[in-house]
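Below is one structure; the comments refer to it alone.
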Amino acid sequence: MTQWPGYFGLILQGALVTIELTLMGSVLALIMAFLAGMGRLSRFFVVRAIATTYIEFFRGTSIFVQLFWAYFVLPFAGLSLTPLQAGVLALGLNVGAYGAEVVRGAILSVGREQYEACTALNLGRWQGMRHVILPQALLVMLPTFGNNAIELLKATSVVSLISLADLTFQAQVVRSQTGSTLTPFLSAMVIYFSLALIISWGVRTLERRMARGLDGVRV
Amino acid sequence: MPTPTIKVDAISKSFGAFKVLDGLSMQVMPGEKLALIGPSGSGKTTILRILMTLEKIDGGHIEVDGEQLYHMERNGQLLPANERHLAKMRQKIGMVFQLFNLFPHKCVMDNVTLAPMLTKGVARAAAEKRAMELLDMVGLADKAKAMPAQLSGGQKQRVAIARALALSPKIMLFDEVTSALDPELVEEVLNVMRKLAAETDMTMLLVTHEMGFAHDFADRVLFFDRGRIVEEGKPDEIFRHPKQERTQSFLKKIIAAGHRI
Amino acid sequence: MPTPTIKVDAISKSFGAFKVLDGLSMQVMPGEKLALIGPSGSGKTTILRILMTLEKIDGGHIEVDGEQLYHMERNGQLLPANERHLAKMRQKIGMVFQLFNLFPHKCVMDNVTLAPMLTKGVARAAAEKRAMELLDMVGLADKAKAMPAQLSGGQKQRVAIARALALSPKIMLFDEVTSALDPELVEEVLNVMRKLAAETDMTMLLVTHEMGFAHDFADRVLFFDRGRIVEEGKPDEIFRHPKQERTQSFLKKIIAAGHRI
Amino acid sequence: ADDSKLEKLKSQGFARLAIANEPPYTAVAADGKVSGAAPDVAREIFKRLGVADVVASISEYGAMIPGLQAGRFDVVTAGLFMKPERCAAVVYSEPVLCDAEALLVKKGNPKGFKSYEDIAKDTSATVGAPGGGTEEKLALNAGVPRDRVIVVPDGQSGLKMVQDGRIDAYSLPVLSINDLLKKASDPNLEVIAPVVGAPVYCDGAAFKKGDEALRDAYDVELAKMKKSGEFAKIIEPYGFSAAAAMSTTREKLCTAK
Amino acid sequence: MDWDWDFVRQIMPVLLQGVKITILATVLGSILAAIVGLGIALARRSSNRLVSLGVGWFAEFIRGTPLLVQLYFIFYVLPDIGILLPPLVAGVIGLGLHYGTYTAEVYRAGIDNVPRGQWEAAKACNLSGRHTWTHIILPQAIPPMIPALANYFIAMFKETPLLSAITVLELMNQAKSVANTYYRYIEPITLVGAFFLVISLCSVMLLRWLEHRYGRIER
């Protein structure tokens, strides 16, 4: 009696929104992670302080609160975002704060001797960072970035709070329209898991590419 | 008498409460080959690292090629050196590390050409030509495209030497460059260094536990203990007829442990 | 002729496609002191680890003290050894590692007493009494309460020797026990081993790159290359008059690198 | 300047609606199309006002009023019943959809609930209600202690909790509960309607404070539709009574004690 | 919309009530996660391929799907097969299971980080398997894990708002309820954010101390 094909279509539409959020959120998170992660290692106190505040704030408060602020409180400050923008902003900034620590940790994990080799070869600070440290750090970051992307994917489920029709939200809609609980939630879980598998597969492939001929670098 | 290439004047250096160098002074003449020996923890590595500006000094002065290393003269005043001054001074100095410190993500050729291209703006073609000459010199012309992980320890160390030479420094610092190598691989590195000593007029400072090599290689030997130079002289004097008791006991232990001098 | 303490019969061992040991056979007589030398990667460590049951063998047989090590006889059949059999056989064997492998969360005394108390049920008082004798023997009676991190490399290695001796094995295996030490600290460890060799009738197998010590210490020297024994004999024969070309070239390189024999 | 909001909506061609995920106020068809009594009325009125289309987004109850205040929506048509506190927070149109309260219980009403007071008296009884909804407040006002009023995220969850015996009763407007029960077609459940002593409530379209001019324009069209009978034509198929909506006024509802 | 301190004073007791539930859920969830994690870690080391692979995929699935959907599943779907859990219990099980898959990784890394030489020395000392675990491996593996475990404890704390989906009256739910009663949102939600921030900042300090105290074993 229920028109399941149509409702699965709705769930898939939700999956599209989830994918869109995950992709755009990841891009923002990546940018923030590098800015703040390198900011925390800056020589300048002010830069360090800003980066630290950003990181501690966004890691310290819950994603729910951040989402609510982005969506309901920012408009009072004259900045009205669409639900998608607010979702991307909150997710990106939140995951970016975690990513920043990954960037910082990875940069620090590159041995002191590599920095010293840069000095001995008279490379400037930025030259050494760009050509020697970051390429090695990137490989260390990659697996954790993969995990972060999966975390972000899962966190998109909370955007239903701001009425964005993502996968979880559509599952809820289908549930109340059809009266069936098991089918929409199980489908949603399977879709989430498939997306997570795709992410980790992608990251592993990338990692293998980058690690080629690099047994010396810790992976 | 010509200006010394390196003139170290009463420098001191502490790590926390621990005084590693204590009013150390020394001079190195142009083209001189110097061996620094002494017990573990006596400050040999530290003085090399200070010359390479990898550590700061707490007091004293260092002149390299007649110019202050850690200070700049401005209107007759001595100010602490800024990064630009240090970068200028570093052009004169190259260093080879105990653990090679090659860039693991770059092939041998890129390891050697990176610094000349970035710091001196040498064009890629020119940099690669010079790199091939250097790799040839250290006997690794055929490994230009290899990654460091594919090389043996001795090969890595020879690449590290070529990399340091690519910047054509006046002074080369070697810190226990063979002590991380398998005994069988030591010789190939020492051969390169012998060749270097014979063919160039670079000033060379060498920290080593290979007393035999120090003996053959050096014009002068400095014996370090607890951040001071306890004894110095020609290799034969130091190794055959050490005057100080500390030197004597050190050499005795080394010989007992099975090393040839 | 007495039964050999160790009888290795045509064993082979591969890591993946790489054959490390290739039909190796050897015998060690009771109380014999054996030195294993040879180039890096030739399988010296591997054979010690096999004797300590840290690696499995792919083929062949080993007898220790007349008993099969990796096999058990049951009703006249040879079966693969189970963990109980291995544990019984391990009682006869002790090993000292290149990197000491002390238990970092336990003090020196506990490192030495742990195994006797747990595996043999020795009472704490008795275990500690014996441990103090052993620590005294290696010259570290005053460090009983220290943590491993507070010790120098040489001291750590001497604790490791005491720990292995605490189980009173018949056979002691030493794998490059001095190569991670500062040259000045090597001697104190070698002294302990000399004392051990002189005072006990333990069978001892020693892998080393210290040719001088191998010469003084060993009754017999085995030269390994690519997983086989290329040459064996009395130290004087091997070091002064090696017959095989491979042995000659190896020793030549080692000497060139500055080691005394 | 007061009409600026309507002008803006006209020129952009659509109005943004917040609706609830709660049939029959709102229904989402398998093709994703939004219908239901509330959005249908709004769509018609806006069309008459010259706003070509409405864009409806489903929202949590708790997010509706803040969303309206933050300018996320132009209007909420979601079965938000008019009550004095709400009238102070938003500006309402005249009544649109009216409904009484009902209780969903196990077959045979084992605990014999007729009113919220009955629930309050039975110290072991729990009642579920939407968070921030009218039912929650009615139950609290009737003396059911806070820890026996369970905040349930949505109707389907409430139904499930009654089925599973997690709560003894679930309270929603009559039509919503009937719709739920129809979908579940569970013979072991029963609806008690209307709840004794609970007033009949009506919702209205809720606008942001400051949008009174828009609201007034909306009222004019609504009144015309009520008179012409088109209003009844839209809502009665969904089970709502047009007569109920026309028998009361915003003023009455907003000043009720 | 202006900030109203009187209102803040008025709603504080209710919010504190929510804080209590939040903390209770976090503590119970953490204890469960610590146990589940150890179980998963050991099962994955099992020599029985069926057990290690089965548990491995199960853990991957849990880790790849959002906690929110899992909570719905536990609370609304499990009763269909006769498992009827009170909201808080369902929430704690959801948190414990979800985070157990994370702590399992911590256990695994902690055990893997004990150098191989320690296993070998234990064997050379002829210690039995059980003695090796209890006297050598676990005493070295567990202290360095403590900071990472504490990290997940904090993360879990920030995810408790999800429990509102299954009717647990934790902090976020209380705040929403208050907000919906008075139609004032900024104060309650901001207070929730402040609570989270304060508690996270305190726990970050605790974490630093733990890292300092247990972070590394001197060798």
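Which chain is which? They are A, B, C, D and E, in the order written, and residues in each are numbered from 1.
Basically, a contact is a pair of C-beta atoms (placed from the backbone, for glycine too) under 8 Å apart; a residue touches a chain by one contact, two chains touch by 3 or more.
Given the structure is predicted, the values throughout are model-derived calculations rather than measurements.
K.L.:
By that same contact rule, can you tell me which chains touch subunit A and subunit C alike?
P.N.:
Both-contact set = B, E.
K.L.:
Compute the centre of every chain as the mean of its C-alpha atoms, then state which one is farthest from the centre of subunit C.
P.N.:
Relative to subunit C, the chain with the farthest C-alpha centre is D.
K.L.:
When D-E is set beside C-E, which has more C-beta pairs in contact?
P.N.:
C-E
K.L.:
Would you kindly say which chain has the C-alpha centre located farthest from the C-alpha centre of subunit E?
P.N.:
B
K.L.:
As a quick test, compute the distance in whole Å between the mean CA positions of subunit A and subunit E.
P.N.:
Centres of subunit A and subunit E (C-alpha means) sit 20 Å apart.
K.L.:
For subunit A and subunit D, what's the span in angstrom between their mean Cα positions?
P.N.:
38
K.L.:
Provide the C-alpha centroid distance between subunit B and subunit D, rounded to the nearest whole angstrom.
P.N.:
Computed value for the inter-centroid distance: 82 Å.
K.L.:
What are the residue numbers in subunit B that touch two or more other chains?
P.N.:
Where subunit B is concerned, no single residue meets two or more other chains.
K.L.:
Pull out every residue in subunit A that's touching 2 or more other chains.
P.N.:
Answer for subunit A, listing residues that touch two or more other chains: 72-73, 76, 181.
K.L.:
Could you check subunit D for residues that touch two or more other chains and list them?
P.N.:
66, 69, 160
K.L.:
Between which chains does touch occur?
P.N.:
According to the stated criterion, the contacting chain pairs are A-B, A-D, A-E, B-C, C-E, D-E.
K.L.:
Under the touch definition given earlier, write down the residues of subunit A that touch subunit E in their complex.
P.N.:
56-57, 59-66, 68-69, 72-73, 76, 150, 154-158, 168, 171, 181-182, 185-186, 188-189, 192-193, 195-197
K.L.:
Show which residues of subunit D lie in contact with subunit E when the two form their complex.
P.N.:
61-62, 65-66, 69, 85-86, 88-89, 128, 131-133, 136-137, 147, 150-153, 157, 160-161, 163-166
K.L.:
Provide the residue numbers of subunit E that touch subunit C in the complex, in ascending order.
P.N.:
Those in contact with subunit C are residues 115, 117-118, 120-121, 123-129, 131, 135-136, 139-140, 217-219.
K.L.:
Write out the stretch or stretches of subunit A touching subunit D in their complex.
P.N.:
My answer: residues 3, 5-7, 9-10, 13, 71-73, 75-76, 80, 83, 160-163, 165, 169, 172-173, 175-179, 181.
K.L.:
Quick check: in the complex, which residue numbers of subunit C touch subunit E?
P.N.:
Checking each residue of subunit C against subunit E gives 49, 52-54, 83, 87, 90-91, 93-95, 97, 99, 101-105, 114-115, 118-119, 147-149, 163-164, 167.
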